[in-house]
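Order of writing sets the chain letters: A, B, C, D, E and F. Residues in each chain are counted from 1.
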Amino acid sequence: MCLAIPVRIEELLDEQSAVACIGGLRKTINVALLDDLKVGDYVILHVGFALQKLDETEAQRTLALLAELGQLAEAEQAAQGEAP
Amino acid sequence: MCLAIPVRIEELLDEQSAVACIGGLRKTINVALLDDLKVGDYVILHVGFALQKLDETEAQRTLALLAELGQLAEAEQAAQGEAP
Amino acid sequence: MSRLDLKNGSVEMVHGSGGRAMGQLIEELFARALRNEWLDQGNDQAQFELPPGRVVMATDSHVISPLFFPGGDIGSLAVHGTINDVAMAGARPCYLAAGFILEEGFPLADLARIVESMAAAAREAGVPVVTGDTKVVERGKGDGVFITTTGVGVVPPGLYLSGDRARPGDRILLSGSIGDHGVTILSLREGLGFEADIGSDSQALHGLVAAMVEAVPQIRCLRDPTRGGLGNTLNELARQSGVGMQLVERAIPLREPVRAACEFLGLDPLYVANEGKLIAICPAEQAERLLEVMREHPQGREAAIIGTVVADERRFVQMETLFGGSRMVDWLNGEQLPRIC
Amino acid sequence: MSRLDLKNGSVEMVHGSGGRAMGQLIEELFARALRNEWLDQGNDQAQFELPPGRVVMATDSHVISPLFFPGGDIGSLAVHGTINDVAMAGARPCYLAAGFILEEGFPLADLARIVESMAAAAREAGVPVVTGDTKVVERGKGDGVFITTTGVGVVPPGLYLSGDRARPGDRILLSGSIGDHGVTILSLREGLGFEADIGSDSQALHGLVAAMVEAVPQIRCLRDPTRGGLGNTLNELARQSGVGMQLVERAIPLREPVRAACEFLGLDPLYVANEGKLIAICPAEQAERLLEVMREHPQGREAAIIGTVVADERRFVQMETLFGGSRMVDWLNGEQLPRIC
Amino acid sequence: MKYVDEFRDGATARQLAARIAAEADPARAYRLMEFCGGHTHAIFRYGIPDLLPANVRLIHGPGCPVCVMPIGRLDMAIDLARRPELILCTYGDMLRVPASGRISLLKARAEGAAVRMLYSPVEALKLAQDNPSKEVVFFAIGFETTTPPTALVIEQAQKLGLTNFSVFCNHVLTPAAMHAILATPEARAGTLQLDGFIGPAHVSTVIGSAPYAPFPQQYGTPLVIAGFEPLDLLQALLMLVRQLNEGRAEVENQFTRAVTAEGNRKAKALTERVFEVRESFEWRGLGAVPHSALQIRAEFAEFDAERRFALEPRTGLENKACECPAILRGAKSPRDCRLFGNPCSPDNPLGSCMVSSEGACAAWYAYGRQRQGAVEVAR
Amino acid sequence: MKYVDEFRDGATARQLAARIAAEADPARAYRLMEFCGGHTHAIFRYGIPDLLPANVRLIHGPGCPVCVMPIGRLDMAIDLARRPELILCTYGDMLRVPASGRISLLKARAEGAAVRMLYSPVEALKLAQDNPSKEVVFFAIGFETTTPPTALVIEQAQKLGLTNFSVFCNHVLTPAAMHAILATPEARAGTLQLDGFIGPAHVSTVIGSAPYAPFPQQYGTPLVIAGFEPLDLLQALLMLVRQLNEGRAEVENQFTRAVTAEGNRKAKALTERVFEVRESFEWRGLGAVPHSALQIRAEFAEFDAERRFALEPRTGLENKACECPAILRGAKSPRDCRLFGNPCSPDNPLGSCMVSSEGACAAWYAYGRQRQGAVEVAR
């Protein structure tokens, strides 16, 4: 449930609103539910509202982990490939 | 002013309404403004209301007079035609 | 998916969205009624061979309220109207295209009735509807159904009819009584509501036209006096040809109930719409022959010579009235609205 | 009578009543913009000669809101849409007819802008609007303006394209990116309102088609994936031809903002409308040659081979996803509505 | 059509015309005003002027409810129509009449105002019942003929307990206008000479012939009530010529088949119950005319749109070059207007006289233009 | 698209899948429920089942607000929409859902009801301002993600002093539904075996990870909060497999880039100000679930459509053959429904699970049909 998408804050308009951008698309969104936003932040957008900031460091960490798991799997497959 | 047309009462529906006929056309009209209507009467119809009964005798008298005036004129023209 | 509910269902936005529901509407309602080899192909266009000759194309969008009326409905009207516009070039109408604009909520049963009536009219006329299109608009952005039909036909070699060919001395013929369609529609208007033994004259005239152009290929022009009626259509022809016209009111067929309705609503029958009548203009020498041919045809039984083309730089259409006077038959000005004074 | 007030005036019922005011609207607005020898004649139909070959006829009713959008308006769209349907038979579109249904109160300035845009599109395409019709409906019974266009064209001898001719092994080509038109229109919807560097792809494709059929007369079928988008149109072709299809998502051109808009609204770009793209199916041997010809043409620069026709009694359209899985590309079910979950 | 066709016979008409020509004294002029637009329409429709000798001239009067409606009243109606949640309904005749800024009810409708055309005022009641959340206002116009139906509808609305229905009353009175005609500056200065009146047909079916008695008495002007068919008109003209020849000034009734001395008592009583005479009412052309119109009685105040919506009187902006006012007073002819024909035409009416087919300008345009000066109309 | 495309890489996905296959114990079954419809949608969109070993099975949960809406509530919304002078607005998702008698909001609209689609609830405020003479009701649906925007809009309506705006509140709560799942007859009888939960992505951005703590504690069921992209899902599955292999039952968070322990405090506070927990709320499939939904607080009573229009609860008529309830409990698969595919399809949905693209039936229909039995889904 809850179709939502990460968008980048391009411009803060006022307390309530900001311009967000995704894939070359610009849209004014409601940011009343988040504090301390700044341009360049990524937020999760749902029904026109920013619900949560995206944490860049955590994202990188997840991606790194995924890559690592992937390599691990690859290595294993390679090993198996050799085995039989 | 006051586009109105003579129509024939075909059927009395109630105190207020009757079916009128003209030139093969039937229409329910309001007859609340006239008393003692009967089928076969002709009335003057304006904005859906019967405003006055037509007096057959008077109509015939007018037509007779018109015919008479016409003949008179004709006779005169004939006389003039002979004159010159 | 379940079958279209042709009894209680109604048009929904999804029927116009290009997906499966639209396909179903087209298949179970449109194609089923209009069925022919071109529609069966299921392409977005029809392909066919035409006999040799000049090609004629005409289009009309049909918007009418009410959709059903004595003498027809928007479906048959949409077929007749366009066939007639094609035929007025002296052409044989060959194929029709139809575009439907449906309003959300319109009963499918009514739509089916309209499409079947269209199919029957097309069959009777021998002019198939070979391609079409359906759109759905939100409730309140349409009026039940609008139908735009386009026809193509072919003019037999050697014929050339056009509204600019009337010449002084030519005779003006009319194929039958005027005002039937318009008065029928008015009679259904809420509040006006009268009953009369009248119906729309909606009919396809290409059979009559074929007989006419065969017998009298010298015909200058044909036109169907639809919107604007006889009066306005004659003004169009007078202007196109740069001539005047002199009509004889006595000669113009007019049914008694139509005349009565016009008296009673303050309308001039000369400007009331027709959907199955034509005006023909031909040289004086051929007029009697043409009249004879028209009267022999079921769609021209009441045909009459109603006037003469005259030289007049002002391009006035005038008429000798029943009463014996002379009046202008001007362009229709404004709308003809029922009036009280 | 005074001139039409093209600046502040609006459409009134009288403009459809068949009288002088209608004549004036046609003359000062429609005929002036669309001007050509056929319209100048002022008849209710157009007459013309067609080159030899099979005749093609297609019709589309255009209803769109908003009427003006980046990349076009209802006027240019009405020209492109029908030209494309004619062209998809491999034909050269020759003439157009146009039926207008105007809503009372519609600004004449907007109407003039639309008709001029139509004229420009027709001029650019070299396909004149030779006959037309105008109706006016009461306020609240229309939506500004609806335009139904009908086109006739001629298929060069020796060509026969139809949606039922796809055969297993054939290649499926697409002339460019998908979803631009539909997403552009959505972006203008009140409340949704996003800005993006996108516009409708509305364009006439007959030039591209001419190049294609000349180079590869073996083309089986062409179709423009309009309403219902690529996904639904391929299902139509699969059903008509009794085949399955296997697509490769990676090969389907999709602009980034269109993809983003679809993600954000929960739409599938495969079902979003296009107005200037075509699908071509041709034997595998000619696919590369056809691709080359398409890419050489300005309207086919981004053309791609997006899949293969396969034998499948179920007539499934399937797709290898970007992610590497396989998915059904079903008929469009229901309407594509923006969603939140 | 019985009682219609018999009175349209062209041959008899020509005979009657010959009679008029024979009896009219070539040495004098007969300047006869048909008060009623219905007569104006018939005069042109049947080409009556062609049939008359040059010294029998017809002057068109103000008896067209559309033509005499002052622009301010129409502006008020358009303002009403433009209120959201309000439906204004009226007869087709009023829809095309240009008000201030050339806006008509039709144009207002095109711009979004809810305006409906009625054939009969009873439709207005139904409209109110069908639209309970809207205010429905009937824009009532017309002379004594049209008034009783409006009265009946107001009474019915009260009986039905309708709470969303009212009438914007513009009903006017014939005799008051005839008095005003005879008291215009032109009439008093003698530049408008009026030798006789053709009295209204259908108005008289309701009010009877009695109310015309003052005219011959006060002004020495004979009056003949005439039906609207061409033979009725010609006979009435002959009757006027004879009165004038014989030096009589009487009320005579040619339309005896439908007009009695008393008129329709029931209709008059109904009108009396619902309406009362206004102190004064503005007429186009005639200005403020005392006791010349009706307003809704206090007992029916809730059905009076003027009170219900606290309407303020408006002074409309007339097109200065439009000669309607002088034409309605009988002081000018349409051809005296430099706008006649171009740009003012029934298609693009600049004044009310070009809108109603009873208006002198429209009648002249539709039926008289072809004669281009051959017909001597008015003055 | 940043934060999207990186998490959709097919090659990495296949590597992850291989990892899961390698680590999953062939001797045991891993029955894992994705609570959230967003996950269901992603699972089918990316063909995740194809990538998993046979003993790692996905069970679709009730986390789709459209699917769990009981027919009675939708009937109430349709009744509202049918009131004249009332405009009902809601998200596109709800429009096609069949209520009693197979009427949907779209069908009601086709029949004349005023129904508008919104993308954002702020549009509802504008609609109310633009239609002062109409009542505007926002038919609010959704889990904790969608609730704060509704709360904000209600606060704003109060600030703006709107008198024609209200909300028909159907917001529901995730943790309560998860408790209910673990307490269904099937779960208690052991016919529904549930070895782990994939926790919602976007709900958790608002409520945080803390509220899930009771599940491992009370039921011994591990839970991993996962993002909605396919790599997120696969990673979460691997994390669950590992917990189960290791005999752990914990709340873990795969979606750390957007979910914290606390969630969005501001959004939660706002929700708290405007809403309060209902005693009980009916869920499709789960029946009456205590403390599982929100209602508008008394301070905002005038904006509560249930009070404003004194709505009576309705008991909707379910299609008896539709297996949505059992599917929503995780007890059945779409293919167990004899209506699946024919006549029930996304084009002609007979149950809510076929409408929302998050519904198990729709997801299975759109993406899974081609496999015709090749994919083992659920049970």
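Convention: contacts are C-beta pairs under 8 Å (C-beta built on N, C-alpha and C of every residue); 3 or more make two chains touch, one makes a residue touch a chain.
Just so we're clear, the structure is a prediction, and the values are computed from it rather than from any experiment.
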Checklist line | Distance in touch steps, counted as few as possible, from chain A out to chain B | finding: 3
Item checked: Rotation angle superposing chain C onto its copy chain D by C-alpha atoms, nearest 5 degrees -> 180
Check: Centre-to-centre on C-alpha atoms, which chain is most distant from chain C?
Finding: A
Check: Of all the other chains, whose mean CA position lies farthest from chain D?
Finding: B
Next item on the list: Count the C-beta pairs in contact for A-F and for A-D, then report the pair with the higher count.
Entry: A-F
Note to self: Distance between chain B and chain C based on Cα centroids, please, to the nearest Å.
What the structure shows: 37
Item checked: Distance between chain centroids, defined by C-alpha means - chain D, chain E (Å) -> 56
Notebook entry, point to check: chain A to chain E: how many Å between their CA centres?
Noted result: 77
Next item on the list: Would you mind listing the residues of chain A that make contact with two or more other chains?
Entry: 1-3, 5, 22-23, 46-47
Next item on the list: Would you pick out the residues of chain D that each touch at least 2 other chains?
Entry: 13-14, 19-21, 256, 259-260, 263, 266, 331, 333-335, 339-341
Next item on the list: Give me the residues of chain F that touch two or more other chains.
Entry: 1, 4, 11, 37-38, 64-65, 91, 119-120, 142, 146, 345, 347, 358
Note to self: What's the complete list of touching chain pairs for this entry?
What the structure shows: A-D, A-F, B-C, B-E, C-D, C-E, C-F, D-E, D-F, E-F
Item checked: chain E-facing residues of chain C, complex -> 189-192, 256, 259-260, 263, 265-266, 316, 318, 321-328, 330-331, 333-335, 337-341
Note to self: Which residues of chain E touch chain C once you look at their complex with the stated criterion?
What the structure shows: 1, 4, 8-11, 13-14, 37-38, 44-47, 50-51, 64-66, 91-93, 95-96, 117-120, 122-123, 126, 142, 146, 230, 345-347, 356-358, 365-370
Item checked: Interfacial residue positions of chain C with respect to chain B in the complex -> 193-197, 256-257, 259-261, 263-264, 266, 339-341
Check: Can you list the chain C residues touching chain F in their complex?
Finding: 1-2, 10-14, 19-21, 104-105, 139
Margin query: Which stretch or stretches of chain A touch chain D in the complex?
Written below: 1-3, 5, 7, 22-28, 45-47
